[in-house]
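Order of writing sets the labels: A, B, C, D, E and F. Residues in every chain begin at 1.
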Amino acid sequence: MENFLGLWMESGLHLMQPGQVIMILVGMVLLFLAINKNFEPLLLVPIGFGGILANIPGAELASSAVDAALHAAHPDVMAAFAHALGIDPAAGVKAIKHAYEVASATQHAQLANLAADFGYNNGMLYNFYSVAIASGVAPLVIFMGVGAMTDFGPLLANPRTLFLGAAAQFGIFATVMGAVGLNYFGIMDFSIADAAAIGIIGGADGPTAIYVASLLAPELLGAIAVAAYSYMALVPLIQPPIMKALTTHEERKIVMTQMRVVSKREKIIFPIVVLVLVAMFLPSAAPLLGMFCFGNLMKECGVVDRLSDTAQNALINITTIFLGLSVGSKLAADKFLDPKTLGILALGIVAFGIGTAMGVIMAKLMNKFSSQKINPLIGSAGVSAVPMAARVSNKIGLEANPQNFLLMHAMGPNVAGVIGSAVAAGVMISMVQAMTN
Amino acid sequence: MQQGIMQQGVDLMLYGMGTVFVFLTLLVIATAIMSSLVQRFLPEAPPVIPAPRPAAAPAGVTDPKLIAVIKAAVDQHRAKNK
Amino acid sequence: MENFLGLWMESGLHLMQPGQVIMILVGMVLLFLAINKNFEPLLLVPIGFGGILANIPGAELASSAVDAALHAAHPDVMAAFAHALGIDPAAGVKAIKHAYEVASATQHAQLANLAADFGYNNGMLYNFYSVAIASGVAPLVIFMGVGAMTDFGPLLANPRTLFLGAAAQFGIFATVMGAVGLNYFGIMDFSIADAAAIGIIGGADGPTAIYVASLLAPELLGAIAVAAYSYMALVPLIQPPIMKALTTHEERKIVMTQMRVVSKREKIIFPIVVLVLVAMFLPSAAPLLGMFCFGNLMKECGVVDRLSDTAQNALINITTIFLGLSVGSKLAADKFLDPKTLGILALGIVAFGIGTAMGVIMAKLMNKFSSQKINPLIGSAGVSAVPMAARVSNKIGLEANPQNFLLMHAMGPNVAGVIGSAVAAGVMISMVQAMTN
Amino acid sequence: MQQGIMQQGVDLMLYGMGTVFVFLTLLVIATAIMSSLVQRFLPEAPPVIPAPRPAAAPAGVTDPKLIAVIKAAVDQHRAKNK
Amino acid sequence: MENFLGLWMESGLHLMQPGQVIMILVGMVLLFLAINKNFEPLLLVPIGFGGILANIPGAELASSAVDAALHAAHPDVMAAFAHALGIDPAAGVKAIKHAYEVASATQHAQLANLAADFGYNNGMLYNFYSVAIASGVAPLVIFMGVGAMTDFGPLLANPRTLFLGAAAQFGIFATVMGAVGLNYFGIMDFSIADAAAIGIIGGADGPTAIYVASLLAPELLGAIAVAAYSYMALVPLIQPPIMKALTTHEERKIVMTQMRVVSKREKIIFPIVVLVLVAMFLPSAAPLLGMFCFGNLMKECGVVDRLSDTAQNALINITTIFLGLSVGSKLAADKFLDPKTLGILALGIVAFGIGTAMGVIMAKLMNKFSSQKINPLIGSAGVSAVPMAARVSNKIGLEANPQNFLLMHAMGPNVAGVIGSAVAAGVMISMVQAMTN
Amino acid sequence: MQQGIMQQGVDLMLYGMGTVFVFLTLLVIATAIMSSLVQRFLPEAPPVIPAPRPAAAPAGVTDPKLIAVIKAAVDQHRAKNK
């Protein structure tokens, strides 16, 4: 009989909390947007599905063995934990949880061993997260694959467009200020690390955002990743009004000169140039930009096509599956359903807007000082969101002048924006770690 | 070096945005130099877009799958044209 | 000179034990069956080869560093182990081994460190097993790939066939009773966990069997996996006599009505429906059915084809290679050559037989209460063993009526059987863990 | 809750088999409801089996290998028909 | 202000040491050789790029968290380390580093935990190295893939050519003597383990060399791998003069008889024969030859083509990317810029030369005792360096006789050399471990 | 068993090279025996080089990518021949 009782006791319905119901619905909305509205489906399908899995009551798929034990709170286990943490067993579960959060790595290992002895296991998604994201490897491998898919030709044909990619990164730092401001005025409780991780949403680059969040604000990673990918998908809605508001019809009609042909050799040497500059001036950006340049070199050098093919296909696909499910594990109700999430979503869209605006303004500024005119519409592509933002520039350009194809010209700032946000990520990581240690 | 979070935010913005601009400016310069050097000293026939060949395997084996596909494709076509 | 002696001392011939010779021959038999008789070659080739590797004397490929040290039994090492385990060094190796088995996770970690200090390493296959199976990831990834290869169309066209998939799972539980009985009558010493793991052979689903065995009875995993895959290959021999014995010629001639067309949308929504039911009623089945549904959603949604392709090809192939070698590591003579193995093989085939019979009987039962007749031959497909069992139903059907193509109709119960055994796996895992903790 | 193993086995069988049937029955019902809802509210032109296109890459690149294969196949065929 | 200072303080230029500049240039040279001269690009592109990454000052990509902490040498951290290592904190960083090198595995774990508590992380390349090479898995997986690409047909048609593959391995052991000699005469300080690892360069087989070096002399792995792959690429320059010096024009003109057709069955059984011999006589070679034979069996058996395809493509490519980057991590200036490296490069080319010579001499010797003449030019292919060495034999043969195609005949000794060096690796690993424990 | 490194080197060379030769000699013998046994007892029609088919998937599905490629190849060709 008690088995039936047991089954019911651990059936989902009995354990289901309202938050979990909400998050399962959120997961379904993400799946709907990905499948029906084609919102970055390669990421949002795994993230949405992982989010549902993470909120299955009783399955604890997103919990470590220790979390599961703390959640079950069996007296014997709690006593053993308290003893290992050196606190009074009578202090209660809340105290034990807090002590665990501030405990040393050695104590974490001890509790993990104890949890194992008591028969608790890590959840599937927790393991995926540890291997794929906590280790930092998945975002880097995806960045390598993106590098192997990136053509720097347009950028090399017109290096000035790097300035557009730089300007658009202002969205990142303005958002950092916004988050800090929300904290300053007591509206939300964001640390400087949280603020930096939120700001990177403005980089409009998924792997970079996940990489930074995993280092600076793991508990916000779910919201940050969802915001980053959702807004990337919304670029065609977010950018045009801003672009039109900031440009005259005349400016939008500017026809840009045909690009020069870029030689194979330049394309091969470019990633090495970037790497050398990173080595000389920005070591903290070495992991991201290093892997990005490595992927691009494999693509361009032409002698390791089989590695480049794998980096662009099997490897990036495998990594994407586990990265997405791992991000989903951060959509567990207790973490995700927090006012902070709303703040993150609000700040994220502001970041996209400001980045777009600054890119356009920078283009207009450059036209002031240069004879060779730039169509300011390609400035907005500086936020990256490859290749969506470049397509938007092209589309708006065609509206103004049906003969004016800006796509190739917009690819320059577009990939420049990827480099720009990786640089911003590097400097923020090193500065924040210096501030908080 | 704990300071007020506001101050920290301002620092992040100033030094962060500064670094981005400095770094990308250096990159513009380096790229321009690199390109001019390459064009002067390593000129190259305008690159014919190479029909991407299936990457060669280390031990010189060629991917049997691809061959199979090619064969299948041609066979099926011939069949169709009978 | 002592080097020559040393070489001979550690040459295979000198160390070879009869059991290892037998198991190497067993490995060769598995390779022969896989290669010449086409017995589930994708699994049995790696398993058979891994089995041979695991029995190479002196190589210790399937042993952990601690096992290797215990096997070498160097006095200094044993003294250190005894001290770490808090037992009298004089107690002897046997006592140390036993103390190690019952030791805590912390002590396991300590001994692993000691073994490393004394220069012992984990064997190659042991590492594969730890990463691929002990972590639970390989069976789940394969299940995801199978999901991405599964078409639920026939099931959706005729949902009633789910009952056939349910009935066939009785083979699992009857076998559990069989194993318990063997224990009860003192014939073999199976725990309830062993019995559950053995029963799952009746699920006729490889990854499910390996997943359950890795959780409930790791030391029996080798025999269980070999039995599961061998009997799946033998389905064309095992099922027909049972199917014919239980059906009249008239019944076998029943022609089933043409299936309705199933819309893409239904196929997309179905895996989510399954997931929601799992979330509400069966959290313990969430890992298996979650990954299965995720794979199927990737296939059907049509917006992540590159992920679905990878899940069906590169990823499942890579995982299969390491899963097979890891299972092979459990064919080490000292573990595999045990009367229990014979019991497992005997119970396994019984499980297949009962599952087949119950599927057919259920089909006949449903015909009693429904106007729309089912050909009972498709009931046997409920054991899963995709797609072999469905082909068998089709073949026997054609014998009775050359115009009667049952294949598509049999695919319904066939995939239903996969869901059914995953459900059975989930409930058994949670009940057994409740019983044994 | 240790009991006699025989009792445990019986429990496993009863509750296990019970759960399987209950769950799959619920699935039959849910599926039937889902299908009827979809057919009523989300009708769809009978799905033309889509010729599976090579999956689009995130950055919009198409698999060069495939292109190479197609090219090779057609070339080879033309050569043959010369 | 201090942030600007901080940025500059940790900018590459400020931290850059001469050694790192040199190694970055070395990395670029490797990339140049790989891309422009086609020197084994599949390995040297990742190795060269990884080498540059490993020498980015301040990024510590190739350092463990503990190394990073020891490098930063923050007083509090050093005090904690000294306490954990049980030495006097006043002893200074040098003493702590030394104590850490000789510390137990348990203490290593403790320091890793402490470093984590102080906010230090493992570098990206360090993690790649731990997973790919320290675990031993990457070289083995690549060896499996090579096995799946190897055709033993020519060897089976003419098994005698195995003797050529055996003779050529003398290059390995002569080099061991050379390294020991350098030590004996006090020119360089090589241990016997170092000598064995250096000798294996003569095996002209990349994964074997990396596997042996990772077990016997990890700190020399970078130099050994670079030497092995560079000299393999240089085979067309190294071998011809030696081959011509040791053969008469008449000998080079010897036409070999057409090979017999080898049946599929022989090809399927051969890897199993090798495996059985390994099991009986050379357990220490089981990991390398086991995986090699497994890959070859997958290729030949014809029933697991999808696994064989993956082993030859996606899996070997993914592994190659991470293996190469991991090897690059061993090109960090402090380890690589050492007189030993020069010694290794010098000994390595000697090894190739001697191996080539012995292969040719063995062929001439066999002609003395056999009626069926062998063209001595195929002897040089016994060093392996598949398929380069066989192509060289063919090329020189054509120079002597434009009608004489030796390629297929040279493939026999060529693959025999792979087996030969794997055997040599096995025996050296077991003998050295016996000598040093 | 620590000895002079010179002695260790000599041991490595002698026993190592010896093992290599002994092992490969045994392999020559075993291979010869195996081949003769196969040729006598398992004769085989001289192997027609099999056009490597795309490997069959476990669940019997065939790789949609390949099919797509074949289709694409043939279509494109037909288009060209219009």
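Operating definition for what follows: contacts are C-beta pairs under 8 Å (C-beta built on N, C-alpha and C of every residue); 3 or more make two chains touch, one makes a residue touch a chain.
Just so we're clear, the structure is a prediction, and the values are computed from it rather than from any experiment.
Farthest from chain A, judged by the mean position of CA atoms in each chain, is F.
Each chain's centre was taken as the mean of its CA atoms, and the one lying most distant from chain D is E.
Distance between chain centres (mean CA atoms), chain C to chain D: 21 Å. Computed centre separation for the pair chain A/chain D is 29 angstrom, with centres defined by C-alpha atoms.
Spacing of chain B relative to chain F, judged by their CA centroids, is 34 angstrom.
Each of the following residues of chain E touches two or more other chains: 3, 7, 42, 109, 276, 281-282, 302, 304, 306-307, 309, 313-314, 427, 431, 434.
Residue numbers of chain B whose C-beta contacts span two or more other chains: 1, 11, 15, 19, 52-55, 57, 64-65, 69-70, 73-74, 77. If you check the complex, the residues on chain C that touch chain D are 155-156, 159-160, 162-163, 165-166, 169-170, 172-174, 176-177, 179-181, 183-184, 191-192, 195-196, 261-266, 269-270, 273-274, 276-277, 281-282, 302, 304-309, 416, 419-420, 423-424, 427-428, 431-432, 434-435. Within the complex formed with chain E, the chain C residues making contact are 3, 6-7, 10-13, 15-16, 24, 28, 31, 34-35, 38, 41-42, 45-46, 49, 52-53, 55-59, 61, 109-110, 112-114, 116-119, 124, 127, 313-314, 317-318, 320-321, 325.
For chain B in complex with chain A, the touching residues are 1-3, 5-6, 8-13, 15-17, 19-28, 30-32, 34-35, 38-39, 42-44, 46-47, 50, 52-57. Residues 104-106, 109, 135-137, 140, 268, 272, 275-276, 278-284, 286-287, 290-291, 293-294, 297-298, 301-304, 306-307, 309-311, 314-315, 427, 430-431, 433-434, 437 of chain E are the ones touching chain C in the complex.
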